[in-house]
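To start, the structure itself, in structure tokens.
Naming follows writing order (A, B, C and D), and every chain is counted from residue 1.
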Amino acid sequence: MTETLEHHFDETIAHERRIEPRDWVPDGYRKTMIRQIAQHAHSEIIGMQPEGNWITRAPSLRRKAILLAKVQDEAGHGMYLYSAAETLGADRAELTEMLISGRQKYSSIFNYPTLTFADVGVIGWLVDGAAICNQVPLCRSSYGPYARAMVRICKEESFHQRQGYELLMTMMRGTQAQRDMVQDATNRFWWPSLMMFGPPDASSPNTAQSMAWGIKRHTNDELRQRFVDMSVPQADKLGVSLPDPELRWNAERGHYDFGAVDWDEFTQVVKGNGPCNVQRVAHRRKAHEDGAWVREAAMAHATKAKQPAELER
Amino acid sequence: PPSLAAYCLALGDDALIYSHRLQQWLTRMPELEEETALANIALDLLGQARMLLARAAKADPSLGADEDALAFLRESKQFRNVRLVERHDDDFAELVARLLVFATWRLALFTKLSASGDPVLAAIAAKGAKELAYHRDYAGQWVVRLGDGTGESHARMQRALDTLWPLVGELFVITGVEQALPGTAVDPALVRPETDAIIDTVLATAGLDRPDVAPLGTLAGRAGRDGVHTEALGYVLAELQSVARAHPDATW
Amino acid sequence: MTETLEHHFDETIAHERRIEPRDWVPDGYRKTMIRQIAQHAHSEIIGMQPEGNWITRAPSLRRKAILLAKVQDEAGHGMYLYSAAETLGADRAELTEMLISGRQKYSSIFNYPTLTFADVGVIGWLVDGAAICNQVPLCRSSYGPYARAMVRICKEESFHQRQGYELLMTMMRGTQAQRDMVQDATNRFWWPSLMMFGPPDASSPNTAQSMAWGIKRHTNDELRQRFVDMSVPQADKLGVSLPDPELRWNAERGHYDFGAVDWDEFTQVVKGNGPCNVQRVAHRRKAHEDGAWVREAAMAHATKAKQPAELER
Amino acid sequence: PPSLAAYCLALGDDALIYSHRLQQWLTRMPELEEETALANIALDLLGQARMLLARAAKADPSLGADEDALAFLRESKQFRNVRLVERHDDDFAELVARLLVFATWRLALFTKLSASGDPVLAAIAAKGAKELAYHRDYAGQWVVRLGDGTGESHARMQRALDTLWPLVGELFVITGVEQALPGTAVDPALVRPETDAIIDTVLATAGLDRPDVAPLGTLAGRAGRDGVHTEALGYVLAELQSVARAHPDATW
């Protein structure tokens, strides 16, 4: 029996067809997929904090509305993604518990602070840009519900990226102080954005299995290179410099060469010692704990409301 | 005309300041579903504020050049919102209690206002009424859930109502601005019976008592609509205006 | 025995000498005196809130330091006054309880909000000015500890009043927006300042007994008139108008005539329905309740620290 | 000279921002005696900030015209304070824990600085050291009381230490500014042994554990002294600067 199921799974993967919730999958696939989707969901939820930080202080009502809508979208993405994880048997409450107890990770980028309103633009440009590089291939993920969620998410992220870039364009046409803010934010977010693609291929042991399962489509270094190649002309057009003296066009490779990422910093951030890890998780935990009485009350009310109907049976 | 501008300003400031207080809840809600609902409501109100402030700027350019000048460059005493929207919510019970009161009242007002003699105001009100109907229902459902839920939620809900009730009376007080705009503005006293009836129904369903408390004192009769606010507003404005004021020559 | 004691008390009062803690006093005197001192202490403590509200936002570091020092003085005044009440057998913890449960009052003026930085100046000018009118005669209070506390307090209050008036003078020499702020604050605080002297003599039933006991030295209306006469030329010098169309010099009386105070508003505020009554008491109660674990810990530590010494005995 | 100005700015900003956080405690303390002690400490630090910022403005007028320009017209990234002083205290335990660390460190620094080659700085440090000795003792007494007091106070005290400890390491990191001022500035690494020893003594007396945690991450090595702060600072500045920014042409 298991052999037939396994055969069917392998065939599905081999033919680049989609695995659906009703299909049998190997335990490893299920576990890996749940972890991947959950971490992505957590990233959307935690990612609301650094951007949400500037909603109340956005300096124009139009920008405030754009930012508010963006953070709302992120909450929505979190919801689709948790639902996708649930189709694999995960439980949202348990995933939340994993997040607030620090047992599951989220994108390391959100452990950096947002220090000026320009950060909102740079997050749209670089962070959403890197996320899109990472996520576009996931629209072809072998797991159907995730792939479909990614299609919608990528569409919205592209929209957010354009809005971020447009904010930066406007700021670069503004005062010197605004241009300085954009440059400063770029300086702070450039390297952490490169870290978003994960460790170099040489130290990324799970990549091979994930690619075999159609969970991952490109290696970390391939995606990182793609992001750099995409970002350099955008930076030029914007008029900001990227904080890497080794960055230059390599005609032979047909790519930009770039300097070495500080993988020690990355390791520290992943281990929980970044500038905002404790703050982000504590914030999320507090919201969850402060809401416990509300969730209990809603459950109690739902139970009471059901009772009369049940008595009739 | 200055009266029309003043009227739009009052209705716009209600939405602007209340939206700000709702924005402060974002990432702090008890469930993800409530995060999206909250963002939605804050966004609707921000949209209403923008249209109303833009209308005010157009009707009386001496007030401010545009919606942003009005939002970011006025001082506390130039804001015309009711005091109900200024307070920081202590808990989720206060959030939904205030939202129920605010949305029920504003929906009743906007429903009448959609027949205003000013076509722009009428259109803003008609669009806003649809949004407010959702806000009211959302809040009403939560007030019922919490009033009926557990002992703790019931106690918190009742305390929330008791806390904000002194601010409710101010919503129904007519000012010189409405009096100067017959056929254009709505006398808020006229929507009291409807507002009361709906809130009473929700409270009855939730098993909660309508508080019986004196209204919050005024300054020789002057309150939010006259630019006399609570101390909370100053902190709202410090945050709201901080970036805009730090960069007076910037465009965003 | 009681007769001799009562005679001694009456003699002391009659000769305008001071009653001291060791002296016998009638129950009514003790109760009235404790209430008066406690209400005065409560007023100092609650009065920290409206002014403290602007410390973090004071627009110059010098003004910030002045305001911080002033609020510190108020805490100090509260402490002397509670101590004076304790010499009559009152307990500070009980008095605090009376305040935060709303059973004892404080000056009605602090139930009005401070809405701009000009309010800091106007509170110094008008509110401290009115307080000084009320308090200077109390330096001759028949109760010694209170009289002595008042000497020190009045000295400091005069200093605060000059600082407040100086701030307003500076603001009136500044921008139009600053002048508008001063005028607006004056408009808001004028009438509530007149209410600080209490109800008109005709409806102040306790005045006669208090004056006989040397607890009160002038009637409410006398002090109110003195305050108006003092303030009008100060307003002129400042360049602000006082919001009373009936205010004018009456050469015959040798005093300024002024309009009718809104005693209904006063009654509402005294009853707890002013703009800030609930806020002020709730703030004080929260501070007290949030501090409960600290006071308990300090007590527990003190008990432990004492034990070794006691064991030696 | 720019280095001296930058050094004064760093030490001044520490005091200015920390004083602000202490000011926010006023009217919220557990006892009246603590209100006056707190006001006293906040006032001392404000005084230190004023002298240091004035000195910075004098040493490099391009930074700002005077103490007020420096306090009210700089942006977040121009502030040079350590990140320890930015956080809002969750409770009284955090207040006294942070004060113990801050005052012990600064006292050790100011004691050495009172022999600075710059006579103005030396005088400021000598005066400040007397104040800081009181601050340190006040905080130390409370840390002992709470560590030793009840089960709850002990737990809160330990949690407070654990919370702020990741921010402590930054206090002892030398920057280019100190390096450029030999004989004038003090290398903060030199005061680490003394600071550690005093804090360890207090913690031992209080029965508390010295936390063993990783330092708070930086941005490619840049932290508070380089203008890279926590998100908390933006809110501090929004409040601190609100009135001054709203009235750019005013004098007070």
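Operating definition for what follows: a contact is a pair of C-beta atoms (placed from the backbone, for glycine too) under 8 Å apart; a residue touches a chain by one contact, two chains touch by 3 or more.
Because the structure is a prediction, the values reported are computed rather than measured.
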Pair joined by more contacting C-beta pairs (C-D or A-D): C-D
Taking each chain's C-alpha mean as its centre, the one farthest from subunit C: A
Computed distance of Cα centres, subunit C from subunit B, in Å: 36
Distance from subunit D to subunit B - Cα centre to Cα centre, in angstrom: 40
Numbers and ranges of subunit A residues touching at least 2 other chains: 57, 177
Interface hub residues of subunit B, defined as touching at least two other chains: 75, 234, 238-239, 242
Chain contact graph, described as a line, ring, star, complete graph or other shape: other
Interchain contacts, given as pairs of chains that touch: A-B, A-D, B-C, B-D, C-D
List of subunit C residues in touch with subunit B within their complex: 50, 53, 57, 111-116, 177, 184, 188, 191, 262, 265, 268-269, 271-279
Residue ranges of subunit C touching subunit D (in the complex, touch as defined): 45, 48-49, 52, 55-65, 68-69, 71-72, 75-76, 78-79, 82, 117, 167, 170-171, 173-175, 177-178, 283-284, 286-288, 290-301, 304
Interfacial residue positions of subunit B with respect to subunit C in the complex: 75-77, 166, 214-220, 228-231, 233-234, 238
Parts of subunit B lying in touch with subunit A, wherever the complex brings them together: 16, 20, 23-24, 26-33, 35-36, 39-40, 42-43, 46-47, 49-50, 53, 67-68, 71-72, 91-92, 144-146, 148-150, 152-153, 156, 239-240, 242-244, 247, 249-252
Complex interface listing, subunit B residues touching subunit D: 75, 234-235, 237-239, 241-242, 245-246, 248
